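Here come two complexes built around chain A, the first alongside chain B, the second alongside chain C.
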Partner chain A sequence: MNPVRVAIAVARKDLRSEWRTRELVPALAQFIILALLIANFGFQIDSRNANTIVPGVLWLALVFAGLVAFGRTFAAEREQASLEAMLLTPASPVAIFAGKALAALALLVACEAVMLPALALFFGVPIGVDTVMAVLLATVGMAALGCLFSAMVARVRARELLLPLLTLPLWIPFIVAGGQAVQSAMGVSSDYEEAIGLLIDFDILFVVLTSLAARFVLDE
Partner chain B sequence: MSVIVGNGLTHWFGHDLALDNVDLVIDAGEHMAVLGDNGAGKTTLLRILATSLRPTSGTLEIAGLNSHRERRRLRHYLGYVGHALGLYPALTASENLEFFCDLHGTPAPRVREVLETVGLAGAAHRRADQLSRGQQQRLAIARAVLHEPRLLILDEPDASLGADAAELLTSLMHGKTVVLATHDHALANRLCPRTLVLRHGRSVGTATRLHVVK
Partner chain C sequence: MNRYERAAAAAVLLMLVAGAAIFFYAPTDYLQGPVQRIFYLHVSSAIAAYGCFAVVLVGGVIYLKNESPAADRFARAGALVGVVFTTVTLVMGMLWAKPIWGTYWTWDARLTSTLVLWMIYAGYLLVRRFADPGRSAARLAAVVGIFGFVDVPVVHFSVTWWRTQHPGPIVVNDALPPEMLATFFFTLACTLVLAAVMIAIRYRIETLLDAKQQAFEPAPVIAAEPAP
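Entry: the complex of A and B
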């Protein structure tokens, strides 16, 4: 069984289902816009403090949107009992996990495509290639971790509560390095390369670790 | 030659004993029905045979392979229709099967062939959530036979199938080893020469077709 073919098939199936039902992305985009609106009124952001506060708003909105997105990744499969059918094929559980993570990553990137222009619009901050790069790099590792914990908690009743408790502590490295990178991209500090290097290191580390763990989480 | 050899199969769900020390031997090409009331342990036994559930204790060999250690190798060999159908509601009937072709490494043209076998050729491009319950059941059966398994584990496959359930199942079961759980004694009697009866998780013995009729 070709694991790349399996991963692509799983990702394509998830994205096709989302395209047909439009369950997640419109709701997440709405959530992000509302979060930015609340931040706009709550923080009294103006041109003097925007570059300092907006990176924090970006990561808050992204983290909570991510929790909702990853929470659905395996929950829907469990509800439909389709995960059992998928795991009863000879396909590698790691390839199935990779496909699910790829699809969740794509959905979160779609939400980011709404969030980043909205940030520029609401707060007047510059959103350049540097900011986009930092957000995308953080999203890769966050998607891998989010999907792994989503698979772990999908079979327990209190999954909505457990997922943030397990995921948020391990997302902190991405939020710290990503926050640093976005602040640098907005001209607040000057250590952009260092932060991007850290994000790449974290991505490699967590993608490898979650792939190793996925086999046991899904197969047992 | 025995295809399934289970010894002392026992399964606990928390403090509830679902299956209690069941022994089982099924020969190649044999069709065996599992009968019993609700909660008798039929689904638990079938999930264990399908390698979806690991027994709390006891050993199970399928085609000479340990059902836990070598379960990935066994999955080419067996097809399973469970209680829950496990379909993707937003995908069409053929997309559901094409997806499982990718997972099994089965060529895509097989989808059309299987849809015709289960009588769903006309509904190939309808979404799974727009199919009737009986058609969804046929689609789940089609998925189970997509990769041409030699062992079929069928948990109440006749549910919602309609009048031609027996004909369809007979054609699909031909030449395969089959374990079939059902509440329908007449169907079990028609399709399976041997029957295992479960009560409160325990085997109360096997019977031939004649005994069940009596």
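Entry: the complex of A and C
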């Protein structure tokens, strides 16, 4: 079986089931709006300090929305025990994993499509192509890592607890470089090109590593 | 005394001798005063921690390769001892930083990456606690250990890119007088012995625990978990 077609088929299955139920994306969008509301009261954001605070709000909201999303990535498989069925097919586990990761990435991008306009609307910060590119590049690596750990903790007792504890430290490189990139895009620091370069390096490194590890995680 | 107790006693004795060397043999630093004596144990325990996490990495890779329970036990022992030494490094570093930098903590590259290191392996220990002992837990932990080892240089590199104020490597570029250098290498050797003894004792404990829980017995063939 062609692994690319398997991955696309798995991703389409996930996205179709999300489209039919429409559970996760609306819930995550609401979660993000609530996070922005809390940030507004916590920081007293106004037009003078918005550019320095909003990058932090962006990453906090994105990281925690991502954790909620990845907590659900393997929920359907767990509840219906369908992962075993998928693994019984001749499709390679890495292709199945890639499909799950692609679908999770697409859902996260859908949340970002709500978050970035909301940031621009509520806090009046400029959201340009440079910000969008930094966020998207970080999302790729975060989705690969998040999906891997989501698959691993799916069978563990305290998975809601373990997923953030394992995933957050590994996301930090993306937040360091992505934070720098978004800060530069909003004009509070420089080094935009270096930060984007680092994000691309990290994406390549962690996508390769997760696809190497996926075999051990799914292959039971 | 059995051989574990003898090894532990010898390691403690060596650490006491190292302590004597630190306080009575090594000269007092001209600029930093007695605070500089923290350096010997601080750097030694950081190196010991890296050694322990290398054990976790190698144990994890071997486990993924051939499912050897012994490799997994070494990884478990290394993670626990490594977290202990990382804690020592962090606490001693903070004690040093307060008089020298004027603050316990700063978001410097090395401090940040050491904190992330601590977080990752503390997470590793939590995985071992929450996951039911056995093959899937060992596999999960092996992946965490490998990713953790990769992540730390990455974090360090990405933060160094923008900010650092931690003292550079003074041992390798010959900035220390011979007495300080001798004290440092002696303390380093003693700390590594201590770490090795701790790993050996912990390995023994993990072996006994595995035998008690029969964690690596062949799993019975059962159907997929029914839907709740």
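As a working rule, the second predicted complex is superposed on the first by the 220 of 220 C-alpha atoms of A that agree within 3 Å, B and C clash if a C-alpha of one lies under 4 Å from a C-alpha of the other, contacts with A are read in each partner's own complex, and residues count from 1 in each chain.
The criterion applied here is as follows: a contact is a pair of C-beta atoms (placed from the backbone, for glycine too) under 8 Å apart; a residue touches a chain by one contact, two chains touch by 3 or more.
Small disclaimer: the values here were computed from a predicted structure and weren't measured.
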A:T21 touches, of chain B and chain C: first, second, both or neither? first
Touching partner for A:E194 - first (chain B), second (chain C), both, neither: second
Contacts of A:A118 with chain B and chain C, given as first, second, both or neither: neither
Chain B versus chain C as contact partner of A:A103, first or second or both or neither: neither
First (chain B), second (chain C), both or neither touched by A:V176: second
Larger contact residue set on chain A - chain B or chain C: C
Touching partner for A:A35 - first (chain B), second (chain C), both, neither: neither
Touched partner set for A:A11, first chain B, second chain C, both or neither: neither
Which superposed partner A:E84 touches (first chain B, second chain C, both, neither): both
Chain A residues contacted in one complex by chain B, in the other by chain C: 80-81, 84
In the complex with chain A, residue positions of chain C that touch it: 64, 116, 119-120, 122-123, 126-127, 130-132, 136-137, 139-140, 142-144, 146-148, 150-151, 154-155, 158-159, 161-162, 224-228
Interface residues, chain A side, partner chain C - complex: 79-81, 84, 145, 148, 152-153, 155-158, 161-162, 165-166, 168-170, 172-173, 176-177, 180, 191, 194, 198, 202, 205, 209, 213, 216-217, 220
Complex interface listing, chain B residues touching chain A: 50-52, 72-73, 75-76, 80, 82, 84-91, 95, 99-100, 102-105, 127, 143, 147
Complex contact set, residues of chain A against chain B: 1-2, 5-6, 9, 13, 16-17, 20-21, 80-91, 96
